[in-house]
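One chain, chain A, appears in both complexes that follow, with chain B as partner in the first and chain C in the second.
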Partner chain A sequence: MTNEELQIKFKERFPDFAESCIIDKGHIVAEIPLEHMELTLTTLKDDSEFDFKMYMDFTVVDWMERKPRFDLVYHLYSVEKNHRIRIKVGITESQSAPTMSGLWPVADWHEREMFDLYGVKFSGHPNLKRILLYDSFKGHPLRKDYPVTKRQPRIESTFPTRDSQYQEKDLKIHRGD
Partner chain B sequence: MAKEYENRELILPTKNMALAMGPSHPAMHGIVRVNAKLDGEIVVEGSVDIGYLHRGFEKSVENHTWNQGIIYTDRLNYVSAMMNNVGYCLAVEKLLDIELPPRGTFLRVIMSELSRVADHLTCVAAQVMETGAMTAFLYAMKAREYVWEIVEMACGARVTTNWTRVGGLMADVPGDFVDAVRERIPLVRDVIDELDKLVTKNRIFGDRYRDVGVMTKDEAIAWGFTGPCIRASGIPFDVRRDTPYLNYDAFDFEIPVGTNGDVFDRYLVRMFEMEQSILIVEQALAKLPDGPVSVDNKMVTLPEKADVYGSIEGLINQFKLIMDGHGIQVPPGEIYQAVEAANGELGFYIISTGGDTPYKCRCRPPSFALTAALEKMITGQMIADVIPIFGSVNMIGGELDR
Partner chain C sequence: MEIKEQVRFDPYVPPKLGDNIVDSIVGWGRKYSIFMYPFVTACCGMEYMSVASSHYDIDRFGAGLPRFSPRMADVLMVVGTVNHKLAPILKRIYDQMCEPKWVISFGACASVGGPYDNYAVLQGIDRIIPVDIYIPGCPPRPEAVLDGLMKLHKKIQNQKHELF
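So, the complex of A and B:
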């Protein structure tokens, strides 16, 4: 299905979000409010006209000053019909998004990763814990307010003076922000 | 007596054993840990721990300029780094709305396909070595060396290539490049044939690979499989054909598809794909046009060195592209660009808010979805089957953990 046909279908099916559905550089993009997310994604997957059976990618974007702060970005793909869609859902720091791991099993790990790196919570997730970083890690490194140069050694050095990071701090080497 | 023994066996207390394989285990290439709960030799519950190679790819790219991001993509799938370079640069070029001259596009196709051959050779070799075939491994490594010689010729490095630039390539290939590729193609083909004779009809591998780690069509889609693994499950999904990029629609190639979705089919799909990749390389070499490899755009491409040292305009141009805060100015926007990497769909979702650094650079690693499904694939299998299953998904730590 071409992008234009898909856009028309999407607008017919979801008249409430019709105006947010645009074609941007050859990609269909639609923005959906958080409270309608679960139902919309379920429809996109199960409706044979859309047939988005594959959960291609999931990520979060941190827009520091904006309200709501985060965007959940889903990239869905239909193997049968060979079309793609990008769904964006705004979410604040205190809200939690419904998990999609019941619909697409691979969402389990993707959501764990985003919980790990951005601190976005997913309600109903079977195993919501850190995946890439270690459990005692503090903070969420991909947030824009997490400093690039910040270090969190997992094992404290027995000889702190020999550790290069302490020396750097003492010598006041400027490494940029 | 026998009856008594039977009864005793019934009440014999047994319990499941927890076995952790990895993070550094000789048969787990890459660092990843499989926590298996065993009932005898059967894995009743398996879970996979990853993250041992996490190095903050996204955070690093967000804090560097557009061209500096390329070196981080080398380290994603380090066996076929050129394909990652190409994927990242295509995404940025789409944001900039520029198109490469034909020679640059053809060279990108040639090197992508050669990288795919190298990657598949490595995967097949590691997979058969882990099940006991040291000879086949060494043969395949020999062929990979032929491919990497070509890679070295094009960019000077074998593994961390850093070969593309936004808007083109690092440099044109040397004059004897085409002959060198033509010379090595038959050598690589010979090794693939040898590998095929050693492994494909070998009873040992047939018994170990067939009906192991099966993923049906629906399961493969639900778990987000792409690349050789989804094709082994019988779905002809290939980004090169379904969402064409570069000029793949100009080439004639077939997409090998498996039927059972087991480890053996994944092996076979990779073996057939290597031949298809070589066919694409041959077609591209025959059609390789002359001309520049980078776009003629002073806002994107670095000037010739003779210009930099010979004229003030060239010097200023170089300065403007290199200095912090100047650099390539990408207009605000967002893009998702997918390329068919060796393991599947490698996607770059890049957001620019203007300026010389990306605001966000998400990489969709194909290995991530495959490794997520590992838990499902190993559950219910024998402990000895974990190794071939793990080998068949070709997990690459650099790309999985980023």
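So, the complex of A and C:
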């Protein structure tokens, strides 16, 4: 199915989000509010017209000043029909998104990674804990407000470290003082 | 002249008058029978394989047998990026090795963190364990590795050896 056909189908099926469904650089993008996300993604997977059986990627974008702060970005692909879609869902820091690990089992680890690096919470997730970083790590390093030069070593260094010498100077450069 | 050749244990560093002959002999023995523990974590490992296999052949320098247990190894070769999550494991492996032991830091990442100056990567393994030889490069050429190995030979030859 071509992008245009898919766009028309999407708008027919979800008239509430029709304005947000655009073709950007040859790729269909649709923005969906958080409360409709679970139902929409379930429909996109199970409906034979869309048939998005493959969960290609899941990422989060941190917009810092914007409200809501984060964007969840789902990339879906249909192997049968050879078409793709990108779904964006805005979410604030205090909200938690419904987990997609029941629909696509691979979402389990993707969501753990995003929880690890961005601190986005997922309700109903079977095992929501850090996947890449160690458990004693404080904070979420890919958030825009995580300091660039902050280090959290697990072993105390026996040598004077570069971090302590450079940290103040680097922060000044980062802040633009 | 012939007698002089016989007591010369190392062609690069001949024993001088006043050298401890025991240190000289033990150093000669130890430097040509290096058992390495390759702690390979990243892409530098490909270059290590290149050095170890027949074209460059690390065995010419007496370091041809990697031991995959730190308790059997003399030289810990840290090849590739070490991040904070891995640091306690590296420290533990170093502590498991028996004396005498040496450490080679292979490549830019192991030496100073390389291009990764971020929250995850340890900025050089010398923050947690002592290092004898640093081999620069990203990744280093096999010739650079052999040069580093020869420098380690020189160090082992010239250092004091505790026998008992």
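In this section, the second predicted complex is superposed on the first by the 156 of 177 C-alpha atoms of A that agree within 3 Å, B and C clash if a C-alpha of one lies under 4 Å from a C-alpha of the other, contacts with A are read in each partner's own complex, and residues count from 1 in each chain.
FYI, a contact is a pair of C-beta atoms (placed from the backbone, for glycine too) under 8 Å apart; a residue touches a chain by one contact, two chains touch by 3 or more.
Just so it is clear, the structure is predicted and the values come from calculations on it, not from any experiment.
When the shared chain is aligned, chain B and chain C each come close enough to touch A:141. Residue contacts after overlaying the shared chain place A:133 against chain B and chain C alike.
In the superposed model, A:105 makes contact with chain B only, not with chain C. In the superposition on chain A, contact is made by A:150 with chain C only, not with chain B. Measured by the number of chain A residues touched, the leading partner among chain B and chain C is B. Annotation: chain A residues 132-134, 141, 146, 148 touch chain B in one complex and chain C in the other. By the touch criterion given at the top, residues 132-134, 141, 146, 148, 150-155, 157-159, 161-163 of chain A touch chain C in their complex. By the touch criterion stated above, chain A contacts chain B in their complex at residues 24-25, 27, 53-57, 59, 61-62, 73, 75, 79, 82, 84, 86, 104-106, 108-110, 113, 117, 130-134, 141-142, 146, 148. Interface of chain B with chain A (complex): residues 50-51, 54, 56, 58-59, 63, 94-95, 221-224, 235, 237, 242-243, 333-336, 338, 345, 347, 349, 351, 360, 362, 364, 368-369, 371-373, 376, 401-402.
Against chain A, in their complex, chain C makes its touches with residues 84-85, 87-88, 91, 118-120, 122-123, 126-128.
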